[in-house]
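Lettered A, B, C and D in written order, each chain numbered from 1.
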Amino acid sequence: MKKLLLASAATALVAGTAMAESHSGPVKIGIILGFTGPLESITPDMAGGAELAINEVNETGAFMGGTTIEAVRADSTCIDSAAATAAAERLVTNDGVAGIMGADCSGVTGAILQNVARANGVVMISPSATSPALSEAEDDGMFFRTAPSDARQGEIMSQVIMDRGISEVALTYTNNDYGKGLADSFQKAFEADGGSVTITAAHEDGKADYSAEVASLASAGGEVLVVAGYTDQGGKGIIQASLDSGAFDTFVLPDGMIGQQIVDDLGSGLDGSFGQLPGSDSEGTAIFQEMATGAGINPTGIYTGESYDAAALMILAMAKAGSTSASDYAGEIMDIANAPGEQILPGELGRALELIEAGEEIDYVGATAVEFIEPGESAGTFKEIEIKDGAIETVGFR
Amino acid sequence: MTARGFLLYAGMALLIVLTGVFQGWNLALTILNMGLISAIMSLGVNLQWGFAGLFNVGVMGFVALGGLAAVLVAQPPVVEGWNAGGLRLLGALALGAAVLIAAVQVWKRKIGGQMRAMVMLALLIGGFFLFRAALDPAVNAIEAINPSLSGYLGGLGLPVIVAWPVGGLLAAGAAWIIGKAALGLRSDYLAIATLGIAEIVIAVLKNEDWLSRGVKNVVGLPRPVPYEVDLQRDAGFVEAAAGYGLDPVTASTLWVKILYSGLFAVVLIAILFLAQRALASPWGRMMRAIRDNEIAASAMGKNVTARHLQVFILGSAVCGIAGAMMTTLDGQLTPGSYQPLRFTFLVWVMVIVGGSGNNYGAVLGGFLIWWLWVMVEPLGLWAMELITSGMAADSWLRGHLTDSAAQMRLMTMGIILLAVLRFSPKGLMPER
Amino acid sequence: MTDFLNAIVALSNFVLIPGAAYGAQLALGALGVTLIYGILRFSNFAHGDTMAFGTMATILVTWGLQSIGISFGFLPTALIALPIGIAITGLLLLGTDRAIYRFYRKQKAAPVVLVIVSIGVMFVMNGLVRFIIGVGDVNFADGARFVINAREFKEMTGLDEGLALRSTTLITLVTAAIAVALLFWFLNKTRTGKSMRAFSDNEDLALLSGINPERVVAVTWLIVAALATTAGVLYGLDKSFKAFTYFQLLLPIFAAAIVGGLGNPLGAIAGGFVIAFSEVLITYAWKKVLVYLMPENLEPSGLVQLLSTDYKFAVSFAILIIVLLFKPTGLFKGQSV
Amino acid sequence: MAEPHLIGEAMTGGYGRGADILHGCTLSVDKGEIAVIVGPNGAGKSTAMKAVFGMLNLRSGSVRIGGEDITHLSPQDRVAKGMAFVPQTSNIFPSMTVEENLEMGAFLRRDDIRPTIEQVYDLFPILRDKRRQAAGELSGGQRQQVAVGRALMTQPSVLMLDEPTAGVSPIVMDELFDRIIEVARAGITILMVEQNARQALEIADTGYVLVQGANAYTGTGAELMADDEVRRTFLGG
C-alpha cells in the first residue's frame, strides 16, 4: 500500500506542477457545478453554456487587449458542501480564477460563498441557485445570480393562473429550496388573490416512482396542476404519470419545468399547458438556442441560458472595469446588466466589448433577458408561455 | 503504533504538504480540516464495526442529527415562533412520546396475545390522530411566520462549540432508541434497518420545517472563529500578516483555517485518546471477545445485547459530534444534501481502507480517503487529458472522456476499496 | 351504483394499477437480491447498479436495432434487445465474480466482508455506467403508449372517472409474471434449479451430494443478470433511464427483499408489493373515493390523508422496521447468516 | 486374506494446519459388514471418519476402497467412487421436500433414479407418505431417515454415518438400527460413529475403540462387549 501512496503523491506532484505552470497567461473563470450527484444530468449543458460565452469572447479577441479566457471546471457534487468548498478553494488559490460561475444547488452555493468567495474576495454568479435565503446572506457584494429568486415568480405565477379564470389548483413541488420556496410564495400569493390550493404535495427528485404523489394530487383535484420541479427530474415523472392516468390535462410550468426536451418527450400531452419564465422577449432566447445547438449543447436544458449569461456578465464586467480583480469589477455587474445602454443579445459579446472599449453604456439582455435588482439578483421580467402543437409559444410579458 | 504506521502517517502528512506546496496552502488546510472531521466519523464507525462487529449503515442519520444540533444550539431563538405555537408544539411532541411509551408498555404486558395486539394497535392509531390534531395547528402557526427567512423555532443562541457535545448527545439519544429496537436483528437485517432509519431521520429533517427550516436550509450559522472579512479590516491583523510577508486576504483565510484545524485537532485527539484507552481496557477486550465469538461470550455470561447497545450509542455519538463539527465548518445546515453514498458508504471506505479495529488506521483512512475524494477530480481530469492527448481535438471520444472525468471519483473509490480488500484485507494499518 | 363504480375505477386507476406495476418492478429487483443472498450469502449493494448496467446495455442494443430499422410493432423495441442485454450483463457479472467475489469465496470470508466488497463493486459499476452512457435522462420506450387511455375509457363506459392502462404497465406485469413463473419453474422443476436450492439450504451437504458450487454460483449470476436487466428495462420503459435514479432504486428494493425475508423468493415478490402499495396507500388522499362512496352529508371536507407524501419514502422504511421488530427475519421467514 | 472393502490405514492428521488429532489410526470394514467406532468424548471418532471421507488433510497413512487408493481424492470425488456420508447435524436440505432431498442425493447419477427412490421408500415407508413435505418439518427420527435415504441415493458401496441416533428417542433408535442392518444385508458396507456404544456394538461386525486419536481396542462387537476393560471404561459397567 505504500506504493499506492507514493504513486498518488507522485501523480499529485506532476498534476500540481502542470497546473502551477499555467499561473500566468489567460484569465481564468471557474465553473463549479454538480457534475456528479443529483443534478449531474443537467450540469454538462450548463457548463457548455458558460463555455460558449467564453469561447465567443475568445474568438473576437477583443477582451482586454486580446487576453484569452480559460474555463476551469470543478465539481460541486451538489450535495457535499465540504467537497465543493475544497474544489472552490482549489480554483481560487491554485488556479487563481478571477471569478466563479456557479454553484448550482443552493446548499453548496451558500457554503462556497461563505467559506471561499467572501473570504478571498471572489465574485460568484450562480445560474441556478434560487433560494430566497441567499438574498439575505452576507455577501459583501460578491454574489449575484441570473436565476430569479423564487419569491417573485410565485406572485407572477399566481397572476398568470388567475387571469385565465382558474381559481382551484393542485400544487406539487420538488422537495428542495427551489421547489419549496416557489411553492410557498405561490401558495401565499394565490390564496391572497382569492384562489384555493387543494393540496400541496412534495416530491423527491431522482426517486423510483411517483404514483403515490399523483394519486393524492388526483384525489384532491383541481382545475390544473402546478408543478414546481425540474424538467428531467421528478417534475417530469409527475406530469407523465398525471397524463397517463388522466389525473390532469393542464399543467402550470414555472422556469425549472420549461424546456423543449420535455415537450418533445411528452408529445401532445402538454398542449394547452402554460407557465412563465424569466425573459423580456424571445429574441435572445432564440438566438441562444441556435448558437447552442451549433455548439452541440442542448439549448433547452434548464439553466443553460442562465449559465451563458452568468459567464458573459462576468466577462463584460471585467472588461468594463479593465481589471480581473473582483473588488474592481464586482461593482460593474449591476451596470452591465441593466439599462441604460445598448441592448446586447447572445452572440453580440464582441460588439459589447467594442462598445465598452469605446466607453459606451451597454445593457446586457442575453439569453434570459437579464435584469438585476438589489441585492444582485435577477429582477425577473417574466414571459408567459403556452404550449401549442408541441412548441413553446410566448403569449405575453409580465 | 508500528513502524509501518509511522511511515503511513508520514506519507499522509507528505501528501498534504505536497498539496500545500503545489496547489496552495489554503486548499491543503481545507482538506486537512475536513480530513480531521472525516477521521472522527471514521473513528465512530470503527468503534461499532472494528470493536464490536456491528454493521451500521446508518451513519448518515447520526451525522445529520449532529448537524441539527448546530442549528438548535447556535441559532438565535425566533421569539415570534415561540409565541405563535412553541409550547403547543412541545405539548404535542410530549403527547406523541406518551402514546409511544404507552404502546410499548402494553406490548410488554403479558395479556392474551390477540388482545394485546389489538389494544396496542388501537392505542397507536388513536394516538396518531390525536398527535396530528395537536401538532398540525402549532406547526402551521410557526411555519407561517416569515417563511422565507425563519418559519421555525430557532435555537438557543449559545456558542456554536456547545453544539458539538450536544450533537453527540442527540445522536446518542437516537442511537439508544434505534439500538433498543434494532440491535436484536441478525447480520444484514440490522444493516438495512439502520439504512432505513437514516433515511427516516433525513425525511424528518427535510420536512419538519418548524425544527430546522427543512429544505429551505439554515444558512449563516455562527462561527467559533472570526470571519475573514473582519480580519481583513482589522488593522492589527493586517500588520501582523505583513510581518510574515503575507497579504491580508491570504493571511486571513489561512488563519481562519488554522484556527479550525486547531479546534478539530483537539476534538480528534481527545476522542482518539479515549478510544485507545477503551480499546486497551477490560471493556475493550470484552468487546472484541464478543465480536470474535458472540456465542462463546454470551455463554460466559456476558450480556452481549447490552454491550452492543453501549458501543452502538458511543459510536453514533462520535458520528454526531463529527456531524455537528461539519455543519459548523460549512456554516449551514442543508438537509437535502445528505446522501448515503457520501455520508455512509464513503465513511465505510475510510474505515475499511484505514484498518478496521485499529483506531490509528481509521484516522488514517479518514484523511487518506478524504484527500483522494477531493484530489481525484483534478487528477482524473489530468489523467484523461493525458490519455486523450493523442486524439484529434474534436474527436467524439475525446470530448466524451474529458466530460466523464468527474465520474472518475466514484470509480476510484471503488477500485481502492477493492484493492485494499484484496491485497491488504485488514486495511492499511491492521489490528494487531 | 355509478358512484360505487366510479370509486372503484378511481382507486384502480390511481392506486391499484400503478402500485402493481411499481410492485412488480421492485419484486423483480428484490428477487435478484434475495437469490444472491440465498445462494452466495451476502446482500449485494451493487444490485441497483447492476440493473443500471443491464438497462444501459439493452438501450445501446435498442439504439443499434432502431438504427438499422428494426422495430417490434406496437411493442417496444427494447424487448427484442433484452436478451442481448441480459447476455452482456451476464458476462459482466460472471467476470466480476471471477475477478473479485471468487477470491473471497475460496477464502470462506465472512458474509459481511462480501457485503463490503459489493459496496466497492457498487462504486465501480456506478462510475462505469456513467462513463459509458452518461448521466442524462434516456427515454427509450417506443411502440404504442396505451392499451386503454383515460379519455377513451370515460367515453366507452360513461363514467366520470377514467381508467388508463399503459402498454408499458401491461408489459411490466406480464413480463414480470412470466419471469417469476420461469424462475419458479426453474428452481422447482429442473435439476440445476433444485441443486441451487439445495446449495442455498445446506452448502456442505450440497458438496457431499456432488453439486458443483462454481456451477451453482455461475448459474446464479446468470439468473441475477436476467432478473436485474429485466427489472431495469421494465422500469426504464415505464419511466425513464437515469443512472442516479437506478442507484436510488436500491433502497426500496432492499426494503422489499428484507420485508419479505432475505433468501426467500416468495418473500421477495410479496415484499415488492408490500413496499409499493404501502408507499401509495399510506400517503393516499382518500377524499375522492370517499366522496363517491359516502352520502352527501358525510362527505369529507379534508383530504383524508394519513401522512403527507413528503414522508412516502420514510413510510416504506418504517414498515420495514415494524415488520422486522415483530418478525425479525421478514414476513416469509428468510435466512440469516 | 483379501483386503477389506474399505480401509483407512495408519491415518495421522488434523484440521487445516492445526495440531494432529489422529495418530496412526486404522479402520477397515469388509463388504456388507457393519463397523462401529466408539470411544470417549474427544477421542477423535468423528474425525477419524471424516479422515476416511477426505475431509481433513492426512499427513501420513492412506485410504483405499476396493483396493484403489483414494487418499488424495476430494470428498466429492470419493462420492463418485461409491462412498456416502451422513453428517451428524444439518444432514438434510430443510426447505426441500423429502423427494427432492432424495433427488439431490442422486445428483451425480445420470440414469433413472426412480427405482432407487422406491427402494428408499421401501426401506423407510414413512418417507413415502411424507414425500411432498418439506424435510425441515419432519420429526428428528424422520429427518435421520431422510438423511440416510439421501446418502443411499448414490447407490454407494460404503455408507458412513456420524452418530445417526443422536437426539432421537430409544424406540426410534432401535428402529434406525434395524434399518441399518437391513442396509448392510443389501451388501452395503457400513462405517458409523456411535455414542450409544452398547446398542451399536450389538449390531456391529467390527468395533473400534478409539482413545486420543489412536486405536485402543479392536474386535468384533461381541468381543468388545465381553471385554471387561472395555466394558468398564467405555460402556459404563
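The definition used in the following text is that a residue touches a chain if its C-beta (ideal position, glycine included) is under 8 Å from a C-beta of that chain, and two chains touch if they have at least 3 such contacts.
The chain list, named the UniProt way, goes like this: A = Branched-chain amino acid ABC transporter, amino acid-binding protein; B = Branched-chain amino acid transport system permease protein LivM; D = Branched-chain amino acid transport ATP-binding protein LivF.
Remember, it's a predicted structure, so these values are computed and weren't measured experimentally.
For the interfaces C-D and B-C, the C-beta contact count is higher for B-C.
A centroid comparison over C-alpha atoms places D as the chain most distant from chain C. Averaged C-alpha coordinates give centres for chain C and chain D that are 46 Å from one another.
Distance between chain centres (mean CA atoms), chain A to chain D: 76 Å. Rounded to whole angstrom, the centroid-to-centroid distance between chain B and chain D, based on C-alpha atoms, equals 56 Å. Separating the CA-averaged centres of chain B and chain C is a span of 31 Å.
Chain contacts: chain A has residues 36-38, 44, 175, 202 touching two or more partner chains.
Across the assembly, chain C contributes 130, 134-135, 308, 310, 313 as residues in contact with two or more other chains. Residues of chain B in contact with two or more other chains: 206-207, 403, 407, 409-410.
Here the touching chains pair up as A-B, A-C, B-C, C-D.
Against chain B, in their complex, chain C makes its touches with residues 37, 42-43, 45, 100, 103, 109, 111-113, 115-117, 119-128, 130-131, 134-135, 247, 251, 254-255, 258, 262, 308, 310-311, 313-314, 316-318, 320-321, 324-325, 328-330, 336-337. Chain D contributes residues 75-76, 79-80, 85, 87, 90-96, 100, 103-105, 107-108, 150, 154 to its touches with chain C in the complex. Partner chain A is touched in their complex by these residues of chain C: 10, 13-15, 17-19, 21-22, 25-26, 130, 134-137, 139, 145-146, 149-151, 153-154, 162, 164, 166, 235, 239-240, 242-245, 248-249, 252, 276, 279-280, 283-289, 303, 305, 308-310, 312-313. Within the complex formed with chain D, the residues of chain C that make contact are 191, 194-195, 197-198, 200-202, 204-212.
Chain B contributes residues 7-8, 11-12, 14-15, 18-19, 21-27, 30-31, 34, 37, 147-149, 206-207, 214-217, 219-220, 227-229, 249, 252-253, 256, 326, 329-332, 334, 336-339, 342, 368, 372-375, 377-379, 381-383, 403, 406-407, 409-410, 416, 419-420, 423-424, 428 to its touches with chain A in the complex.
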